[in-house]
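Think of it as A, B and C in the order they're written, each chain with its own count starting at 1.
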Amino acid sequence: MTAFYIIIVGSLVALNGAILGSVLLLRRMSMICDAIVHAILPGLVLAYLFTSSRGSLAMTFGAISSGIVAATLVEFTQQKFQITREAAIGITFTTLFSIGIILLALFAGQVELDQDCVLFGELAYVPLDLWITDEGLNLGPHSMWSLAFLTIGVITYVAVGFRPLVLCAFDKEFAELQGIKVQLWHYSLLLMLSLAAVTSFHAVGAIMVMGFFILPPATAFLFVSSVRSLMLISCSIGMLCVISGYFLAQYMNVSIAGCIITLNGVVFFAAFSNRLYMKLNPPRPIDKTI
Amino acid sequence: MDIFSNPVLLNVLIGVILISISTAAVGCLLYVQKNALLGETLAHGCLPGIYCAFIFSTTRNLFWLSIGAAISGLISSYLVDLIVAKSRLSRDGAMAVVLSSMFGLGVVLLSFIQQNNYPNQNGLEDLFFGNAAAMSGNDIKIIGLISIAIWFLLITNYRKLLLTLFDSGFAKFQGIRPKFYIAVISTLAATSVAIGMQTTGAVLIAALIITPAASARIWCSRLFDMILLAIIFAIIGGTVGTLCSYAAPKMPTGPWIVVCMAVLFLLSSLTKRIYLYSTKSD
Amino acid sequence: MTTNSCLTARNLSFSFGETPAIQDINVEFARGKITGIMGPNGSGKSTLLQCLSGIIEPQSGDVLAFDDPLSEHQKKISYIPQKEKIDWDFPITVKDLVKTALYQRLKWYECFSEELLKLSEEAILKMGLVGLENKQIGQLSGGQQQRAFLARALVSNAEVFLLDEPFTGLDVKATKDLIGILRKIRDEGNSVVVVHHDFSNAMLFLDDVVLLKTTLLKSGPANTVINSSELRLAFGLPEQE
């Protein structure tokens, strides 16, 4: 049963990651994903301090606010202070993350957020945090339910926003001419990202969440030709790596999430090498005259 | 708080200053190369190397760990360039791929180390957030030597690096091989990140690379001036940050340094805007 | 050297992956003249110029400079890229830009001597950029930007000046000024090759024209090529009655 819970939770994280991650990849926002994942920390800490609860709602709200603040700051610093976009991203997320750590340290006595757990999470603990109703019915881990709701939310969001999100990716001016509110979709995407990050971090940790968003879509991107297949193949790769990663981690007795991400990385490089090999050694037509 | 009567603080200050000078200078090169986030990728990329070096040498000797970190960082940088060159993935995507894979690998190695009870492993987790206080006199010597090597490489190759970064075609005509000097920049970056991770940790070292450079670019029209100003900003930010973190107990040093550098960036930008505004209304 | 051509392309071909940019180009660029490389979009003009400069290696064929292999006279060829290819945000001033041409004469520990500083000052004076030496290149006007790069070429003692679409974005006055400078450079005995797209002013300053559309369509004196039927062919215009 433990294995089942872990794999389900992991797969849900992978599913969300693959779908949102595909959109991010197309929009060249992969490094912003890294930034957002780090930047949600101060929001989480502040949410805890203000509400004195580790309740998911407070944390979620804190993370989303933090994510939006980060996104806004990146745009602001880039435009007002005339620095490169990469520099704006770098300065914003490192500063926000540092503020988060300082807040954590300042209120160390009051905060039960375990630094390690927030950042690295541990899939192995997921089955320990079960939702048992008053009647004694075991409904499975909390993470499973929150992730399930998240998945519905993410799929709805991407389905509704498919055209503006994907169209905006290729041509911002054209999208604006079509009447699409480019800014709105940009910020809502980052909001969804923050939401997905905070929901997933209980299980896999804030930083490793990023691996789920980046690696399966990047692997699929190497050889697909449509956005839909990009998403479908990323989801498949993501989930397969969760399952194999779990068993591999059990065998090697190492971090489950770390193993899953590393496996994702190996799959990416295998696919990359394969593409490279195919490019350098294109198949020759069969010589029928022999 | 008397700096000189507290040898640990003095050690940390010296270490922070040495590291900040290297990261600020290299950061300027990466900034003009429009490659500012390479520091972030390198930081995560260094982790597997550090853990491997630890497993092989079973010591926490900074020298071996730095070598492991630098090699791992260089491999990461090379992989990013390879992916960009040979696939449809953009630079943004390639950096994120290498970053997350290496980080995942790092976490696996760390958990492996923790599960197998290697001796001397305390403090390896410090590499994520930095633990400047753990810098020994020996560490400072190593950081000092590596820093001098970095500065020497920078100074002797400055003009060639500038040409490569600005106009690689022209550089070729002058007999410079752009690919080689781009590799030099990556090496310098990987090395500065490798030694800097001790203070600010993997997550925040990117700030030491990006922030001083961005603060300096606002004021300087010449790369040379930009590097000098960035170094000054970095030294100020590093010193004030370290002192702040020692003002209260149990304060991590890295985040304070980052926040101070960010404040300097803000001040630099605002001052420039005020300056522009006042000269316009003349 | 008593040759009549500054650059010669022999059987030059270059492809980007599967798509050929230029194919089997055989043409001589006359010495001491201003030659324009013209043609519709995507005809390989920039690619040809880059092959002539030595920045890219052709996949077949070769380039001669003054009838010798290009590498022997590389130092005499200067190449000024298209505006979009230059990083105008780079922290470099006009003075520094010109001085970069002299870097190869210095060891890393050497500073600029009086003599070398004078050389760069002269080039800046010649290009009419006095007073702008300390401006970052992104702050210059379009015409000034082209002249800054020309100043760099002058300091390198170039004899052949290759410019890729130098008139892009220049207003009427700046265009006139640049034409004047190119004429001055030619009148001093140097050769100029420009990728040019504006037929309305081509006749004003181009001595020769090379018409390109992946292959060489025509080359010769400007008025011959511009009034030729090949030009109409290149741009897909109907035959003149």
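Quick note on the criterion: a residue touches a chain if its C-beta (ideal position, glycine included) is under 8 Å from a C-beta of that chain, and two chains touch if they have at least 3 such contacts.
What you see is a predicted model, and the numbers here were worked out from it, not measured in a lab.
If each chain is drawn as a node and touching chains are joined, the picture is a simple open line.
Among all pairs of chains, A-B has the largest number of C-beta pairs in contact.
Centre-to-centre separation of chain A and chain B, using mean CA positions: 26 Å.
The centroid of the Cα atoms in chain B and the matching centroid in chain C are 40 Å apart. Once the centre of each chain is set as its mean CA position, chain A and chain C turn out to be 49 Å apart. Residue positions 84 of chain A each touch two or more of the other chains.
Shared interface positions of chain B, i.e. residues touching 2 or more other chains, are given as 34, 217.
For chain C, residues touching at least two other chains, in rising order: 89.
Chain A meets chain B in the complex at residues 25, 28-31, 33-34, 38, 80-84, 86-87, 89-91, 94-95, 97-99, 101-102, 105-106, 108, 115-116, 119-120, 207-208, 210-211, 214-215, 218, 221-222, 252-255, 257-262, 264-266, 268-269, 272, 275-276, 279. Taken in their complex, chain B has these residues touching chain C: 32, 34, 155-160, 162-163, 165-167, 169-170, 172-175, 217, 220-223, 225-226.
Partner chain B is touched in their complex by these residues of chain C: 53-55, 74-75, 77-79, 81, 86-87, 89-93, 96, 100, 103-104, 106, 108, 134-136, 152.
On chain B, the positions that touch chain A within their shared complex are 31, 34-37, 39-40, 83, 86-90, 92-93, 95-97, 99-108, 110-112, 115, 125, 128-129, 203-204, 206-207, 209-211, 213-214, 217-218, 248, 250-252, 254-256, 258-259, 262, 265, 269, 273.
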